[in-house]
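Before anything else, here is the set of structures, which you'll find just below.
In what comes next, chain A is part of two complexes: it sits with chain B in the first one and with chain C in the second one.
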Partner chain A sequence: MAVNDSTTRSRIKGYALLALAIIVTAVVLATGNETPRKYPHRKIVRFWHRWQGDWEKQVQKIVDAFNQSQTEYEVVAVSVPSGGSDAKFILGVIGGDPPDLMSMFSGAVPNLAANGFLAPLDSLMTPDEKARFFKDSYPSIRDIGTYKGKCYGVTIGADLMALYVNVKQLRDAGLDPDKFPKTLEELEDWGLKLNQYDKKGNLTRLGFLLNDIGYVSHYFGGGFDVKDDGRLLLNTPQNQRALETIVNYRKKLGFENVLRFQAGLNDIEGAASWAFMHGDLSITYDGQWRVEELRKFKPDLEYRVYPIPAPKEGGTPLGGLVGGNYMIVPVSAKQKKGAWEFLKFWTGLDNPDRAATFYNMGGWLPYSPAVANSPTFQKWLKKDHQFQAFLDILASPNCKAPPPIANLQFLNDLITRAEDEATRGDVTPKEALQELEDKFKEERNKRRELGYDE
Partner chain B sequence: MTSDQEAKLPRLTKFAVYAALIMLSIPAILPLLWMVSTSLKTNAQIFGNGDLNLKALIPSPLETSNYPAALQNMPFLVYLRNTLLLCIFGVVGAVTSSAVVAYGFAKIEFPGRNTLFGLMIATMALPGQVTMIPIFSLFRSLGWYGSYLPLIVPAFTASAYYVFLLTQFFKTIPTEMSEAARVDGATEWRIFLQLIIPLSRPALATCALFQFIGTWNDFLGPLLYLNDPAKYTLAYGLQQFVSHYGGFFAQLMAAATIFTLPIIILFFFAQRTFIQGISTTGGK
Partner chain C sequence: MASPSKHTAKQYLTGYLFISPWLIGFLAFTAWPFLQSIYLSFTRYNIVSPAKWVGIANYRMLLTQDALFYKSAWVTIKFAIVSVPLAVIAGITLALLLNINVKGITVFRTIFYLPSIVPTVATSVLFIWILNPNIGLINKSLALFGIRGPSWLNTSPWAFYSLILMSLWGVGGSMIIYLAGLKDIPVHLYEAATIDGANPVKKMWHITLPMMTPVIFFNLVMSIIGSFQYFTQAYVITPNGGPEQSTYFYSLYLYNRAWKYLDMGYASAMAWMLFMVIFFMTLLVFKTQKKWVHYGG
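Now for the complex of A and B:
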């Protein structure tokens, strides 16, 4: 037995050594493969963003330009998948190890600010920068990042929508692209003329589709808003009219037919694949970043960009709802000053003309007329003159920011649901909006009971 | 059904049983077939025919370029190396530590054993979201944030689920065998290593396979703890691929096929042991 015991002991020793070897190897491998820093002696500014593919490359160019421009900081950019970016950010802040700067979708800013996750950017600005920022910014762009009077987010890429028009398809259908409809009703007629179907009656080309009540309602003098005094502008006659117009137009096309057609579309942002490029959509509304994509990937396509025409009666032209990527600084960021320096560099608060190049790279809307009017931006605009339509909308008083409320995401979900239910025919537009308002009030009451002030 | 029982069945009954099994397997196989089929088509083939029939599943012509294209669009080998590293350590850590703990619960009498076992089982009811923040804070204060350690070390602290499975299995091994070894002078370690472990291969293989698949598919762990693209895993990389190349269905499905293939191969090799393990541990 003594021999057996010694064999067992040596085996146990062997297993223990193996386990130790595994742990040591794990530790070595776990710390071995790291991307080396270019400027290891500088203060690191950790920047998380949600751009991928071609856009990630553009972002890296801006980061590189900043790193080359000075000697104190090194910005290290990390692309985070959109799907889990908010969870990663929140956990980083709660766990005490957040990035120094993050680009987040604009709808999340009020909620993160209300819950104390964000540092007010005003506190990082000098008095001169603060005065310039609040005075120079486009009002709608500034308002998105503002919560209870403080600035928590600054855009480096605001988004707006306008109509992209395929000139050839219009001409083939006997329509003059230079005499573009002045009213929404005319545009709907054009859309029906441009539709194409196969033998089974399935749509093969969509002339025009009116949807997105959150956006379109601004052309009807409406929009979904929650005022500072608590008044709700949700189930308003203007919004009802906008939703009725969407529903009636969808009925003409056939709900299922449109759904089937859209499911088969090959659409990717930031790449050479967009249904409009392939000719599947004759007139479609999309974001301003498509101008740059068309220039890069489909330079031969003849197209125009027009603001969506307002309805004949009671319409408000050049309406819109701004969204996009907003830069935020976590309250527990270690390098807030470095983050602000990079933010100034990118937005152009300190040098609008230099920053114009960055906005042009991704086809992003500038934060201020100072950037839009800079020589570099104007030069680019001559080349991509279709972009002007977006600048016209941005400068319009009818271009608005979403309401700065902590439960904005909840409201957005309700808006999407109301449109979906109404277009499916489950409820009338009036009922859908009434349900939306009731549910929002219910949620607001619940939040107030829990101690939230809105 | 054992092979003896199978041999006794009349040919017609056997045919009916197999036909029913094949029919039942179709809903599980169809998405897999669609994935592979789509990965071998052009986008025009994918969107050109909206009909759902078997003929539409056969790519014609065969488009194999989606695979190299998908591989070019992400650093596949780097992600594969990182994923395999986590899988190997995860499997070794989870299986060895869980087996040791399970042996204690199944074969060693000590005061409070059942209470401790109950407490351990109770931890399985805790949703991951509840423990996510304290665990994150712990790893950060240990200085492990940004490294693989938060993804590897927990595997070495035993998993409640595997401990439960293995305890159930170890209990099926007659106590008389351990007693006889003890009478012969064997220590607990020797009984564990030379008697229990060799008899428990199916159960251990089941735990290993579960752990491998869990680590292979884990997206949240790498998302929360890793900040360096050089350390990303396949599941993380695939999510990024979806974000950017989601519209390139053929390439996306090629990437998904590459991602799924190792798991399928592993299952084919280990299926007999795996099924045996599942049926004997009560995990079914």
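Now for the complex of A and C:
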């Protein structure tokens, strides 16, 4: 009897172990399943992008439109978190499993191109497409994706900044929105009039804040540039003046006061929580995508958009620095041709009017005047006419691209640091920019010593 | 009948077979990259192109031309100097408190342990809100006493101290080990001390702490290693190195060098410098253990 019991027990144990092994195998195999496909017989084009929330839905609509438009490819879009997306892309490439197409922030493009991660998009273009792309594109948009004469990134979501103005708050403060300041100095005065404080002297509403030296310097005739011959335009009188203006204006507001005010804002991009929508900011400069957000989330708000006025002396109007999302194709992508077909479809290189709808969906800037002047875009512009200010900046010769250098991210970090140190009063603007230039030279020398081209 | 030596060999083989998945993983994903990085630290390397030998250039530049290397190293050392003793003291204090037999003690232990198993990224995001200068829990609490709390994460040196404060949040992990150490102290030692007329302070000083030293030693070594590798919280909360680079930790700089600037050779050299520092610090602590660690239990 005891023998029977022990045999039964060991049998039960055996079956239990077998069941466990089957469950574990099933779980392991289940997690290895491929992405669900709608058109499994087509060639897959894997597209990684960094849009989330409402934007992700718009991107999916564009992907669906492409998938329905032809029979050869199926684009499968995956949203990857923005933070560390460059590292994820690099790991995908070196792991032999990269996407076929990715939207990457523009600052990373030259470095990835210089290090051999990217396929030149010119090689995927037909001669006609290539000629059209280089001829039609807005110069700044074209330049930012170009490295050593080759195109490595094409935008479908370039960004620019302009002033958003709360009309009611201006009127309440006795300012006429129809007579908007023509100079930066006037704008600063308006900003100070629009500030509101509580009894303890804390800011409760910010009239206007001047910051972001990388961008603002272009209104002073400056900008941070590294020329092809190696000349550095970093610690220039124009940039110094821009930084001095930022620092002096911040002093008037109180550095700590602004910090506290900004920290209290629940400011999330792509959501309905933008501080301007809720009246916490009277005049603020922000990206063109906010036009579409305001239409969706705050249609009753009376507002205007103006380019930032240049300073009275030595200023350059309609200045700007293009940035944003750039489409890149990794060198080891399995479906480069399909990636290019999708990219062409989205940008509108083959059909500007069709693509205009896509740019409008996300409030993105078109890559070329051909798209901007298309009937569909113009029709949308009548509805969202505030967007025109961004198109004016984009078409301006003072709208620039960052220098196409491999260590652009290093330079950008130095610029951020210089502004931070100067606005905190640790160093003077002149010292901050001198330090920036010295550090950049030092880094460049180091790179040269290690055998890098630049 | 198999000879004893054959039997032992078979036992070894069985043992190694059981741990082989881990062993293979360790050799492929830890040991090999670890050794490979020694070579890479003497090269210029961007992952996709073959590494190019540059001799000791990376190390020379680190030591002679890179101010940020020293700055980030100092931030990390400062962090270790402040956070390690604090973590030890907080861990022991909590363990002593949670060793008292009161009603519901297991609930208290769970409450204090829970934060240490919350993912670091989630904790970091939580602290961004807790430390908000206007609506954060800390400044709101300070305001009740008429104190205007600082702008924690946006000003120096408060951003640095905010991260120190955050590091105490996860002290529950070491607290559990201290608690286990406390439970391991033989009761007869306390009984003998009571008979000898020792008061609670003397019992603590002459019995509890000496008997806890092996556990303190273990936690000390782990804390030193952890503090020198401090990264995630700084990356999530102050990805650009914080105000005036006050939270630009060594590992954050290393990460930027590797993944942002694609300078893997330089980053490997940085990693090896860090390894050497941690190695010698750990060695130093091991050397001192004869003087203060008691294994008498």
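The working rule: the second predicted complex is superposed on the first by the 420 of 454 C-alpha atoms of A that agree within 3 Å, B and C clash if a C-alpha of one lies under 4 Å from a C-alpha of the other, contacts with A are read in each partner's own complex, and residues count from 1 in each chain.
In the analysis below, a contact is a pair of C-beta atoms (placed from the backbone, for glycine too) under 8 Å apart; a residue touches a chain by one contact, two chains touch by 3 or more.
Predicted model only: the values in this text are computed from it and were never measured.
K.L.:
Would you sort A:46 into first (chain B), second (chain C), both or neither based on which partner it touches?
P.N.:
Touch partner of A:46: chain B, not chain C.
K.L.:
Looking at A:94 after the superposition, I want to know if it touches chain B, chain C, both of them or none. Which is it: first, second, both, neither?
P.N.:
Touch status of A:94: both partners.
K.L.:
Look at A:351 in the shared chain and tell me whether it touches chain B only, chain C only, both, or neither; answer first, second, both or neither.
P.N.:
Neither partner.
K.L.:
Given the touch rule stated above, what does A:373 touch, chain B (first), chain C (second), both, or neither?
P.N.:
So A:373 meets neither chain B nor chain C here.
K.L.:
With both complexes overlaid on chain A, does A:264 touch chain B (first), chain C (second), both or neither?
P.N.:
both
K.L.:
Considering only the touch criterion stated at the top, classify A:60 as touching first (chain B), second (chain C), both, or neither.
P.N.:
After superposing on A, A:60 lies clear of both chain B and chain C.
K.L.:
Which of the two partners, first being chain B and second being chain C, lies in contact with A:82: first, second, both, or neither?
P.N.:
first
K.L.:
For A:417, decide between first (touching chain B), second (touching chain C), both and neither.
P.N.:
second
K.L.:
In this superposition, which partner touches a larger number of chain A residues, chain B or chain C?
P.N.:
Of the two chains, more chain A residues are contacted by B.
K.L.:
Just which bits of chain A does chain B share with chain C as contact spots?
P.N.:
The overlap between the chain B and chain C interfaces on chain A comprises residues 83-84, 87, 94, 260, 264.
K.L.:
Can you tell me which positions in chain A touch chain B when the two form their complex?
P.N.:
Result: residues 1, 4-5, 8, 11-12, 15, 19, 22-23, 26-27, 29-31, 33-35, 46, 48, 52-53, 78-84, 87-88, 91, 94-97, 202, 260, 264, 266-268, 270-271, 273 of chain A touch chain B.
K.L.:
Can you list the residues on chain C that touch chain A in the complex?
P.N.:
Per the stated touch rule, the residues are 44, 46-49, 52, 54, 57-58, 61, 65-67, 132-135, 151, 153-155, 239-241, 243-245, 256, 259-262, 265-266.
K.L.:
Which bits of chain B are touching chain A when the two form their complex?
P.N.:
These residues of chain B touch chain A: 43, 47, 50, 78, 82, 85, 89, 92-93, 96, 132-133, 136-137, 140, 145, 147-149, 152, 156, 184-187, 189-190, 193-194, 219-220, 223-224, 227-231, 236, 239-240, 243-249.
K.L.:
Under the stated contact criterion, what part of chain A meets chain C in this complex?
P.N.:
83-84, 86-87, 90, 93-94, 111-112, 115-117, 256, 259-261, 263-264, 331, 407, 409-410, 413, 416-417, 420-421, 424, 426, 439, 442, 446, 449-452
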